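Two complexes, one shared chain (chain A), two partners (chain B, chain C).
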Partner chain A sequence: MAPLKKICALLLCALLVAGQPTAGMTAAASVTEPQVKAVFVFNFSHFVEWPADAFATPTAPFVIGVLSGEALATQLEVAIRGEHVAQHPLQVRRLSDIADVGDCHILYIDKSAGAQLASILAALNGRRTLTVSDLDGASQRGVMIQLATESNRIRLMINVESARDAGLTISSNLLRPAQIVRTSGGP
Partner chain B sequence: MTTPAVSRDRAVESDATTGRRVAFRSLFFPIFSIVAATGTAPLLAAPTPSTISALKQLNVEELMNIEVTSVGRRPTKLLGTASAVQVITNAEITSAGATTLAEALRLADNLQVAQRGSRGWAISARGFNTDLANKLLVMIDGRTVYTPLFSGVFWEAQDQLLEDIDRIEVISGPGGTLWGANAVNGVINIITRSASDSQGVYMEAGGGSELQRIAGVRYGTELSSSTALRFYGKYLDRDDSVLEGGGQAQDAWRRGQGGFRLDSRADDDEFTLQGDYYANREHDPAGITRMRGANLLGRWSRRLSGDSDLSLQTYYDWAQLSDAVSPLTLAGIAFSPAGRLHDDLQTLDVDFQHRLRASDSQEIIWGLGFRNTHDTVRNAPALAFFPTVLDQQLYSAFAQDEIRLHDTLFLTVGNKIEHNDYTGFEFEPSVRLMWQVRPTHTLWAAASRAVRTPSRIDRDLSEGAPPYPLVLRGRDDFKSEKLLAYELGYRAQFDQALTTTLSAYYNVYDDVRSTRITPATLLPFYFANDLAGHSYGFEFAGRLQLSENWSMHAGYNLIETRLHVKSGQFDLSNARNETADPEQQVSLRSSLNLPRGIELTSGLRWIDVLHNNNGPTPGTVPKYIELDARLAWHASPHLELSLAGQNLLHADHPEYGFPSPERSLAQRNIYGKVAWRR
Partner chain C sequence: MQATPIRRTLMQMISVCCATSLLITMLAFFAYELLTYRESSVQQLQALSGAIASNSTAALAFENSSDATTVLGALRAEPHITGAALYDAQGRLFAVYPSGLPHDRLPGTPGSDGYRFGHWRLAGFQPVMEGSRRLGTLYVESDLDAMLARLKLYVLTALTVAALSTLAAYLISRRLQQRLLQPILALTDTARAVSDRHDYSVRARHSRLLEFDVLTDAFNHMLTEIQESAGKLRSQLGRLSLLQHITRATSDRQDMRSIFQVVLGSLEDNLPVDFCCVLLNEPATRSVSVAQVGARSQGYAAELALAEGRDISDDDRDLSRCLAGELVHEPDVSGLDLPFARRFAAVGLLSLVAAPLIADNETTGVLICARRNANSFSSGECEFLKQLSEHVALSSHQASLYVALQRAYDDLRQSQMAMLQQERLRALGQMASGIAHDINNAISPVSLYTESLLEREPNLSERTRSYLVTIQQAIEDVARTVSRMREFYREREAQLTLEEVDVNRAIRQVLDLTRPRWSDQPQQRGIAIELHTELAADVPKIMAADNEIRDALTNLIFNAVDAMPEGGTLTLRSYTTDGPDGKSVVVEVGDTGVGMDEDTRRKCLEPFYTTKGERGTGLGLAMVYGMIQRHSAALDIESQPGRGTTMRITFIAAESTLAATARMARPLAAARPLRILLVDDDPMLIKSLQDTLQEDGHTIIPASGGAAGIDTFRAARQRGESFDIVITDLGMPYVDGRKVAAAIKAMAPTTPIILLTGWGQRLIAANDTPANIDRVLSKPPRLMELRTTLAELQP
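Presenting the complex of A and B:
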């Protein structure tokens, strides 16, 4: 078969020029959306700076609240096991009521709770809580970090103003690959 | 697609003493049945610590490049999670060493898969797996690929470059409410990667004992920041298989396929244009069978808001078959000579769908569909269809509402209404209830109705075309076959490493195809709907992550089918012609990552006896156990060398077909492959 021979020849060339290894994970077994999102949320605890007054004591827990995202919460519990931010041990809280959102350092709002977004943001006004959501358009509505899925990959959309208003500083490592978004329209 | 009908397995076999005929096993194309083997990815994502810790090592950019599979994502139609779904991932297909789509389907525990010879496959879910298996809906990127000739699939004509398959969703159980007629016992949804996810160069080449040559190439490029394109080609060439009585089966074949996919994205719009062309050349004792086909599909989807989106898809598909047909011989008498059947089928399909979140607790999906088929046949003396030119239209509308009754309780109700030219209106309602017992435990139950509408075989077949004697024919009064299905399922992740899915079903069938005889003259036999009955079964799949580098998969499947001839009626095959399924099947698979980039995958399958149900004369395929294995070495991030073996335990074994010296066997196949990605 002529075409086959041609392909074999190409492969031979390929062997000679095969390049350096790429970093990171190659397509391992299937990685699910909640897994990747959970690791993003975990990373935010390191890429965002909270003012000292966000913690009652130097060893008080760093609380990540998860509203409605059960699958993500399960993954996140694995991700934070034994982890600290400075001396604050990380803790995941599964929330079902928006009354509990105030004590969190990071609050993940699953898109299934999207209908309550306006009241959640209102309740958090003035608090030092990093808001994260996978709801479409969340960042335009004032959520600080939106995890958007495009072509099976997670993209970051960051509303820097919202974070600044809450006294939080987002690392340039996070901002660089992200799409910067401003609050648009009403609340 | 397949080999000619009547060729090897005589279409009809007669029992001289009673004068009754029995089995029509292969009226047509050899396809066949049985069981499936190994693995699937659980729908519920296991929080495997190893995955999480690996992900934690990545920087933000790398994380953003990780491809995710999401639960219940719906490429074109809602994939209700309240159903028995298994997902085969790209990684599983690759590591199992599958070389064609049909081989990859052995990885679904909820399918019966049987190979005959070098290119024939019978694939079904929940039984009814025969040469003419007709109760499964198969789609590639939203394009239906079963043929209206017999409502089954010519598996050797349906393939893709496996490297670019994103995943295969296999649903056992009815899916008629969303997908329509033919989604009776199951739905297979083959989804290829978007062009933006298949960038760069991929090349593979290999060969071995039965699979003599395989080669594939893909080139993907970004045309702009929002538009990507890929081209691909694939070629393979397989050797003759052997016959049970010894000697070559003369079923060697080769095929080539090429195609492209373009994906473009704007703010709220996504657009896909894709197409394929293939050509098969297949040896057969009766001559050369040729198949060719091409398709072009466009899909546009638009997000209207976070709570609402719509999609519009249209495709054109052309499939041509030139089939060498053996002479028709019955009880030693030659009824009609050899010849050639030509079939040219053109399909135009338009599908619209709208999803909206109607309130906090309700998500509605509805849609409309239209399909036009234009089928032209040039008949062989032994195998013919009348009318020779047939235009048909199919209209459909469906709606489904998913209602959140309570925090953890979901009710889904829906119905599909179709109008086809053979039987008029058909209704396919379903009710599904899902309870999220715990975040990682789901219990579901469902009741549904599904129909298999008549195919051309049922209505238009003429085995023996004038002036030759008519032996078997379709009838204008052939009705749709009906199913009422009751299902119960449980999906659970028991701890971080163990994931299981269970499902059980009870199916009630009515108006299943039977064969009558003409009073007084005996011939011709003709199709009727005189069978009814039920089946029940149980499906299990489990995945255990033993360590970061070792995972195991186990599957078990039980099927019991009880069909009977309706009272006062008669069936030539004693209600035994429509099924040939193993009562039990078991699969075990292991995937092990060793140091130095070495990967070892193996899959063991045990398949129970197949009763071929050839009327009063029972025939069986003996139970068997077989092993597939693959050893791969990732020599560099770009280069992979592998050695794979299929059916390693026996030189050959039957997986389907009535016992006969002419039964063709599945052979051991060992091949090596080099793959390069950049």
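Presenting the complex of A and C:
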């Protein structure tokens, strides 16, 4: 699986590099899939709107929880260093158990934790947490944003209903290039 | 410069105003549009790029360049966007629009934010923000075709609006103008109608505009006044032409009756009047009579008792004002209590005008005009009648003057005829005198020889002697007949009654009588004529006709005065001279006037010769000459042009006449043999005289003609010879007897001269012995008379 991932990452990178209007990205060779996904997750903090009650204070930290995604968490920590969402400083929290999800604003569920997805989602029910996963079909199952790799590119699949149920508003800018997905079947 | 109709001018003014305001409005609008459009273009581009930028955030954030390209593709909706590009946060080119746009058309790196106008384009950089995070930069570039298109649209719209508004302005102003112009044009049309047709009866219509109504009223009022005065003028003109017609018609006529007929006929036909007549006034006898009644007024005249020739002196009380020279106008006679007026009222002639005919400040008549209706004579007609009456008065006055003139002319013509007759008689007399001279010459030898034969031939038979006696008697009959014939020359005045006349007294009388001519009249003209008299105290009396002497002196004084138009000195002088025949009285009339040249002096005694133009008759000096001839006086004329003239008349004093008569009565004595020069142009006479006188023992030297006589005398004197006596004929060609006598007396003053003449009889009768002549003998000469004379004159 690793060689495949590696190949995919390289392809993605190549694609991204090819997609650039200018060929000025010298660091393109070093871009990895977790790196890209980390940037995506970080960017979601800007394109989704949380209700005010999601934060204890105006300066309370904006917490991004990463479930079973060590590489991504590491990259995310690099990406959020010194960043804020409004006045909220960003934090990355590595989670091993869903019970620790606590007050996470974004929860990244790695596909390695796909087996527990139903229980995770059940645990998050009623919380104001944006769920993100790279598990195939995650969005159909209730994950709010699914990062799907398609033709060497990361595509967003967004379950708007789930987000709405959680009281979150997703920017239309984010929705436009994304594929809107509905929850199919019961949890 | 041609005048522009007001309508066009007004239209032009409105169009110019309209166009100017439209132009200014449009220019302002364009300027505003240009400014605001730039701004709004920037704003639009800003808004558009803002939207694109906000849509590009996700694409930039998630580095989704295809999404970015899709977002930029939305610019397709805006065709003026010629290019766009997205740069990421690091300034790298991320996406371009349109997709095929070469990169060198775009800025390599993003510039500063904001928009600016460049080469026909508007371009700018817009930051792409997500919240406060800058994700990148959007570059948008737009051409200005929209602006140009819009400007074009504006220009098109403006032109359309201008055209439409001009049209609208034209239509509206046309409509509005109509209201303003209508009254003006109507007034203009009326004025044109008036000036073209001279129809003053048209009137301008009212409009509903106050000022124009005032103008129209004034114009109509003016027209009314013009119409009225034109009417007055026309009737005045009519009367004037009537007056002229009458004046011309009367000027052709010389008798009053036809003048009045023309006047009355014209008045009846043309004024017209119902009745008219002319009354004549004789101020001397205070009588007024009807001179003439108009042809159609005869009926009324009978009713009014104003038939022609009727004396109406009784009514002159009524006419007294008119006779005093005043025009009397009675507009209505029905209310007047005057007999004359009542007469007119009775026949229904209610208005009456009586115009006096005044000539030489005297009312010679009255022109009476009447009409049936009261108040029917206008003041213009009265004035006309007044002027007409003056013309009529003048014409009738002229007619009477013409009659007088005609009479004077006839008198003058008769006088002229009489004068011509006299002149003819005088010419006849002169001719008779010439014939008498010739006959006397012709019969002289017959007479001389007959007398000589009877005297010196004792042996004549009785028959011869009786024949010779008969011849002698016949010759004497002829001589008498000839002398009677000469009486023609004497005319009627020949029967003069001579009396002793004191010339000084005559001169004083004449000077007194003529004083106005030589003193008063020149003084009135500012000319001074000084009188100088030198009258000798002891002048003897002369035998003369007193009146003739005075007339002659009057004529000479008049001539002297006329010769001094600039003034001068009039000299009258009388003195006595001693001539060969005794004392003579000389009277001189002299002036310092213009004098006479040789030609004038020669002709001045001729009848009808005058230098005074129409003022002179040319008879003055001729009469003087006649008087001088009749008085056997002599006239001497001294004249120098520019210096003056002196007329000198020499009369024979009364006592010398008596002395001459006394001498004639002396007894005869035989003359010693004498040496005699005989001068005559008739060889027969020379021969007969020579024969008879040589028989008496005298020596006769004949000379044929005056010149030869003088030459012979001179030649003889040069040879030392002398003549005891000279006998010369008077009438000879070239050099006559007087000249011969003068020449001989000049050479030998003591040589007696006997003048033989065919006029001799008359000279003797008038005691007229010319100067230098010792004795005058008439032809045919009697031998006895000749012998006596020779005896008397022999030295």
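Brief remarks on what is shown
One rule holds for everything that comes next: the second predicted complex is superposed on the first by the 158 of 187 C-alpha atoms of A that agree within 3 Å, B and C clash if a C-alpha of one lies under 4 Å from a C-alpha of the other, contacts with A are read in each partner's own complex, and residues count from 1 in each chain.
Assume a residue touches a chain if its C-beta (ideal position, glycine included) is under 8 Å from a C-beta of that chain, and two chains touch if they have at least 3 such contacts.
Note that the structure is predicted; figures quoted are calculated from it, not measured.
Using the contact criterion defined above for the overlaid structures, shared-chain residue A:75 touches chain B, although it does not reach chain C. With both structures placed on the common chain, the touch criterion links A:150 to chain B but leaves chain C unconnected.
Of the two partner chains placed by the overlay, only chain B lies in contact with A:35; chain C stays clear of it. In the superposed pair of complexes, A:86 makes contact with chain C only, with no contact to chain B. In the superposed model, A:174 makes contact with both chain B and chain C.
In the superposition on chain A, A:46 makes contact with chain C only, while chain B stays out of contact range. If you count the residues of chain A touched by chain B and by chain C, you find the higher number for B. Shared contact residues of chain A with chain B and chain C: 19-22, 24-25, 39-40, 43, 47, 154, 156, 173-174, 176-177. Within the complex formed with chain A, the residues of chain C that make contact are 54-55, 57-59, 61-67, 70-71, 85, 90, 92-96, 103, 130-131, 133. By the touch rule above, chain B contacts chain A in their complex via residues 41, 44-45, 47, 49, 51-52, 54-71, 87, 89-92, 166-167, 194, 196-197, 203, 205, 213, 215, 217, 233, 235, 237, 263, 265, 303, 305-306, 360, 407, 436, 439-440, 496, 551, 591, 634-639, 674, 676, 678. The touching residues of chain A, when paired with chain B in their complex, are 1, 3-4, 7-8, 10-11, 14-15, 18-36, 38-40, 42-43, 47, 70-71, 73-75, 77-79, 96, 111, 114-115, 135-137, 149-156, 173-174, 176-177. Residue ranges on chain A touching chain C, taken from their complex, read 16, 19-22, 24-25, 39-40, 43, 46-47, 85-86, 154, 156, 171, 173-174, 176-177.
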